[in-house]
Structure formats: structure tokens, C-alpha cells
Amino acid sequence: MTPNWTVSRLTWRAPVLAAGLCVLATLAAMAQDGSTGRPSALATLITWMPFILKGFGLNLVMSVLAMALATVSGVILGFMQISPVTLIRLPAKLVTNLFRNSPWLVILFAIMFLVPFQITLPGGDKVMVPDWLKATFGFSLPVMANVSEILRGAVASIPSGQWESAESLAFTRGQTLRHIILPQCIRRMLPPWMNWYALLTLMTPMAAILGVNEALGNTQAAMEAAGSRPEFLIPFYLFLMTIFFVVIYPISICTRRLEKRFATGS
Amino acid sequence: MLDLIAPFFERLYDTTGLNFSPFYNSYDWGRLVEGMWVSVKLITAIIAVSLVIGVIGAGAQTSRLRIIRWMVSAYIEIFRNTPPIVQLLFFYFGLGAITPQVDMGGWYEPAIGSFGWAVIAIGIFGGSYNVEIFRSGIEAVPASTKEAAESLGFSGFKIFVYVTFPLALRICLPALTNNIVSLAKTSSLAYVIAVPEITYSLSGIWSDSVNVPEMMLLLFGYYIVLIAIIARIMTMIERKIALPGYGQ
Amino acid sequence: MMSPTGNRTVEQPIVALHGVHKSFGSLEVLKGIDIDVMKGEVVCIIGPSGSGKSTLIRTINGLTPVSKGSVKVEGIEVHDAKLDKLALRRKVGIVFQQYNLFPHRTVLQNVMMAPLLVLRENRTEVEERARALLAKVKLKDKENAYPAELSGGQQQRVAIARSLCMRPDVMLFDEVTAALDPETVKEVLVTIRDLAMDGMTCMLVTHEMGFAREISDRVYFTDAGRIVESGPPSQIFETPQDPRTQEFLSKVL
């Protein structure tokens, strides 16, 4: 008999579970502690939580900003990719593929090293470009390329019959895109777009490599400041993972529900 | 080989200031080649680990025991909704701190080095996506096909091996290719735990020779070529195992 | 026909194809087609699959370009590169086998969209006209429904109303009943028949032989990219001359 199974989907219980895991791990860490006079790992973690959460705020700011930037530029790039003019389409395709096929870390490095830390505005003023802003721009580039692909893919998935009947009714290409093709595309684009936001947020801790004081950087700084004891490592990193989980998991669920709704309904 | 191209690049440096030091400096060349080699080994190992985890996980999800299914789900959700870089650091620093030390005859080394942890951490990360991919491939195999196999007397395990898995593999190949390419890119994260793969090697060169733009170019070039090769291989596999007329 | 001054003028065909050839790469699909359709005529094109019927019809509104030859609608060459496609699309309406309604708009919006957005006509006028057309195809009560809520036959009738709202002079029908359930085929054929009886010039590619016989003024039988035989339906269906016509009809009737 073929087993009749369904994948059990974790629900909102999951963040609670994750937090539970975290506590368990910290308890384990506490057990390692011995009877010295130093504060326990758990107590240290609690002391440093606000600091880490402050850094996490920067992660969220970076992710929202980068997503906004990537959406705007990605949509433009996407339109360029579907243009009938080869001179516009080919460079757009090249740029899209360049940023889709390069590792996030490498792009981040490139932006951090190659973009100056100071920009001279046309008026003559010098503006400091903070590290986190450069990192934000670096994160927006791969997402831009993927948004461009999402748009291109969504337009390509519209049956050619729609284009033909629009053409037969004397719509121009622009009118066809605006009134007929794109309204149908928006639905298809929403779940992948949300998915990329989640992915982007999960990539923002990489900025710590380049000195940005976000959640990961703050976690490492906190551990150092508290004495760099090995028993800190597990609880602190687990806490870091938990705060990301708590934010990203609901987005994941939302995306999956949307996908299901758009796939079946109309 | 270096002797052939070295003069050209030296001249390039002298005339234009473009410093491609690995091409005329044998030490840098060594670093470049070693970086590429480690990177290839790393990526291959990661992909292998993630595929194995994916198959086992997909199989485990068919288990009758609710606790096992639940554990696999928990694994997927945790590793897909937390930052991979933090996962890597957690494994290397966190778990690394509690792995046993191996006596190397006088000094102690951790049993699993940075390369090993990178493979484990990123492999587990990739595996979580693969479980989903394989699962949706398996679900997409029509129930009627499996029923037919059952009616012919195939046991549950045999159905999986001879009917479900071959079909599921072909169905999920595009998504699998996507994930494999994504893992190849994610392998660069190993930089943060000082695995001497290509990003690490080139960053060493550019901090010594101050030729960041040129080394960046090489770095981009390496990954673009690598990914093109991987994509090519996957396309060839796809074509080779494709069933004529199926899924049209 | 005599003009008041007594000079004879020959009435121009509303659709005229001369020597039309079309190749897709190395495959030649149309090998020299000549058809003249007068105003108010109903013309049916029949023939085996792959004989080029759909391609033929699509050259008339410019969806498919021709490799050689001329296609004229009301004396204007369709495949002239400098042609204002808008003017052509006003004159020639087409209904497809797959109806191709816009799924994200209601029935009424589907019918009104093109005259509003393309021709920029007055909204009240267009709405009135659209409602009248929907009443004509007997779908007045469905004007706020979405295409996905309608049956195939209903969707096809909406597609007909949508094309008619542009007030064309010629209507093309490309195998419009081929994808429908048998129960719904009749309602679409009735709609087309009413249209033809109102005096619209119609060109149909169809497999519905009984229907073709009933409404057409002329029937063209195509095979392998050429017109094998043409004539009034009584001739084609009762006394086909060419053996290929006879063979085809014996298989389908």
C-alpha cells in the first residue's frame, strides 16, 4: 500500500519552537559553565540582546532600502529585456545575467572596494557615503537582476493568444503591455518578489565582513566585549538565527499561501 | 606556461598600469591556481552533500512516523529562514568549539577543519532546498502511474526506486539546476572562515599588490565561467535523460 | 452596375488575394492563393489539416506577413510596410479558435476596451454599442462576469461581440467552433448566421460542413497550400469536380 503522507507544515508554533530551541541551547551552555564567579552565558546574552537587536534594525533598514532600489531598477531592466530594439535588449540581458551569475559576496566586495567612500556633488560639497549605504547598494544589484528576470518570465508566460487578439484589436505594443499583459503579470510576480525580499534580508549579515555594525557584527562585538568565552558561541549565534527566523518565517508562509492562491484561483 | 604570457602582462602593467600580477608573478599565480582548485573541490563537495541530504530528506518525508516528518520539516524551515552566513559561523565557531581535538603528535588540531565545516554547513543549507525540490518532483508524479506499478506487484520501496524517482528527477531538474548554481555562488561564503578558495586567495593578492579592480575582474570572470560550465553540464544531463514527448 | 453617367464601373472586391505565397523557413505553406470576396458575401474555406487555411486567414488582417503576392482589403494593400495598421484593424475583425478573451477584465470591459483605448471613442456611445452587441449575442445578463466563469461557447460569443464593437467591414473566423463542446457549437453558429444575414462580409475557416453549406455564397477547398476548387456550396458539396475534393468530402460527410 502506498503510504498516504502529507508534509506537515509548521505553523505559527514554529517561532515559539525556535525560541524554545534557543533557550534549550543556552541551558546547555549554562551546564558547561562550572561554578566560577563569572556571569552565565545566558545572562550575558540577555545583557547584550538590546545591542544585537539594534544592529538587527540596521539589517531591516538595509533590506527594505535595497529592495526598493532593486524593484525600481529591476523593473526598468526587465522592460529593457523585453524591448524589440536589440540595442536596448542585449545590454539589458548582459547586465541581468552578470548580476544573476555572480556571488553576492563578490558583488558586495566590488561595491565596497570600488565605490569611493566620499562623493563630490556637482555643487562642490563632499558627501560621505557610509559603509552600510554602500552595502545596501551592493545587495540591491543581484536582486535587481532577479526582479528583471521575474518580469521577463512573467511576460513570457502570458499566452501568445493574448498578444494576437490585442494586436487584432489594433492595440499598439505599448497599449497591449499596459492594459493587457502587465495587469496579468502582477499576480504572477508577487510571490517570487516576496521570496527575493526574504532572501535579501538573509544575505544582509554579510555586510559584517566589511565592517558594517549590523546584527552579526554586533553579535561578534558583544561576544568579544564580554570576554570571548567559547560557551558564548552557541547561544549567541542561535539567538541571532532566531531573530532572523522570527521575521523571515512569516514572510515565507505568506509567500507560499499567495502562490497557492494564484495557482488555483483566478 | 607562465613564461609565455608573463611578458605580455608585464608590458601591460608598465604601459597601462593594469596589474594582473598572477599572470607574471609565479607566487601570485600559485595562489590563483590553488584558489581555483580549492573552490572547485569545495563546490563539488557541497553539491554532493546537498544532493545526498536532499534524497534522504525527501525519503524521510514519506515516513509513516509523524515525528520524523516533523523533524524534516523543522530542518527545512530553520535552514531556509535563517542567514546562511550565520549558519556557517554557528557551525564553525559554535559547533567547532565542542568538536574533539585530534592529537597530531605534539599539537592538537580540531577534527574538522575550516574546509570541512564549510562543506557541512553550506551542504546542509543547500540540502534543505533540495528536500523541497525533490519532494515537489515526487508529488508531481501522477498517482495513477504509481497505482499501476502497485497493481503489477511492485513493493513500496521498488515503486520509489523504479518508477517514482526516475520520473521525479526529470520533473524537478530545472529547479535542481537553479539550486546547484545558487550553491556554487554561496560557496564563496567560505571566505569568512578563511577557507583558501578563490575569493580568499584573490583578496590576499589584492591586499598585497593593491590591484583590486583587476583581481575583481578575475574573480567575476572565474564565477561567470564556472557557472556557465555548470549550467552547460546540467543542460546536457537534462537532454540525455529526457523522455521523448513526456511533459509536453 | 451602371453609374448615373452611364459608364460601367466594376465593383471592387472588398477582400482580394492575388498570388499569395507564404513560407515558414523552408516549409512553403501557401503556394499561390487567389481569392476575391465581394461586399456582403459569405465565404467558407474548407480543407484538410495542414492545408494552410489558418495561415491564409491570418494574412488578411496582417497577423501573418506574406512572402509573395498581394492582399488587399478595400483596395488597400495589407502588407505595405508603411500602412497604418490601425486603419486596417478597424476594417477587419477576427475571432480565434481559442477565443483569447482578456481574463482580467469583465465581459463588458472586454468588449469595450478596444474602441475606448485604441479609437478613443466616447464612453457612453461605446457602452451603449457594447451592450447592444452583447444583447445580440444573447449574453446581456453576463456583462459583469469574468471570462473564466463562462462556458466555451459563451466566451466565443463574447469574442465575436468584442470584434464587432470595432465596427469592421469584414469578419474573419478561424475555426471558431473547433475547441467547443458539441452542445455549445450551435449557439455560436447561430450567432454567425445572424451576422451573415445582416449583411456582414464573412470569411470562415471551418470544419462544420453543414453550416458551411447553409450560409456560404462561395466555398473554397484548399489542399497543400493551393485552392483546388471553388464555387457555390451546391456545386462543391453535391457535385465536386476534383478528385481531391471528392476524397476529402467523402471522409468528413
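Quick notes on this one:
By written order: A, B and C. Residues from 1 in each chain.
Keep in mind that, in the parts below, a contact is a pair of C-beta atoms (placed from the backbone, for glycine too) under 8 Å apart; a residue touches a chain by one contact, two chains touch by 3 or more.
Given the structure is predicted, the values throughout are model-derived calculations rather than measurements.
Taken together, the touching pairs link the chains end to end in a line with two free ends. When chain pairs are compared by contacting C-beta pairs, A-B ranks highest. With centres taken as mean C-alpha coordinates, the chain found closest to the middle of all protein C-alpha atoms is A. With centres defined as mean CA coordinates, subunit C is found 51 Å away from subunit A. A separation of 20 Å divides the Cα centre of subunit A from that of subunit B. Rounded to whole angstrom, the centroid-to-centroid distance between subunit B and subunit C, based on C-alpha atoms, equals 56 Å.
Touching subunit A in their complex are the following residues of subunit B: 61-64, 66, 69-70, 73-74, 77-78, 80-87, 89-90, 93-95, 97-98, 135, 146-147, 150, 156, 159, 181, 185-189, 191-192, 199, 203, 212-213, 216, 219-220, 223-224, 227-228.
Note for the complex: subunit A touches subunit B at residues 1-3, 5, 7-10, 14, 17-18, 98, 101-106, 109-110, 113-114, 198, 202-206, 208-209, 216, 230, 233-234, 237-238, 240-241, 244-245, 248-249, 252.
Touching subunit C in their complex are the following residues of subunit A: 159, 161-162, 164-172, 175, 179-180, 183-184, 266.
Contact residues of subunit C toward subunit A in the complex are 61, 63, 85-86, 89-90, 93-94, 96, 98, 100-104, 113-114, 117-119, 146, 148, 159, 162-163, 166.
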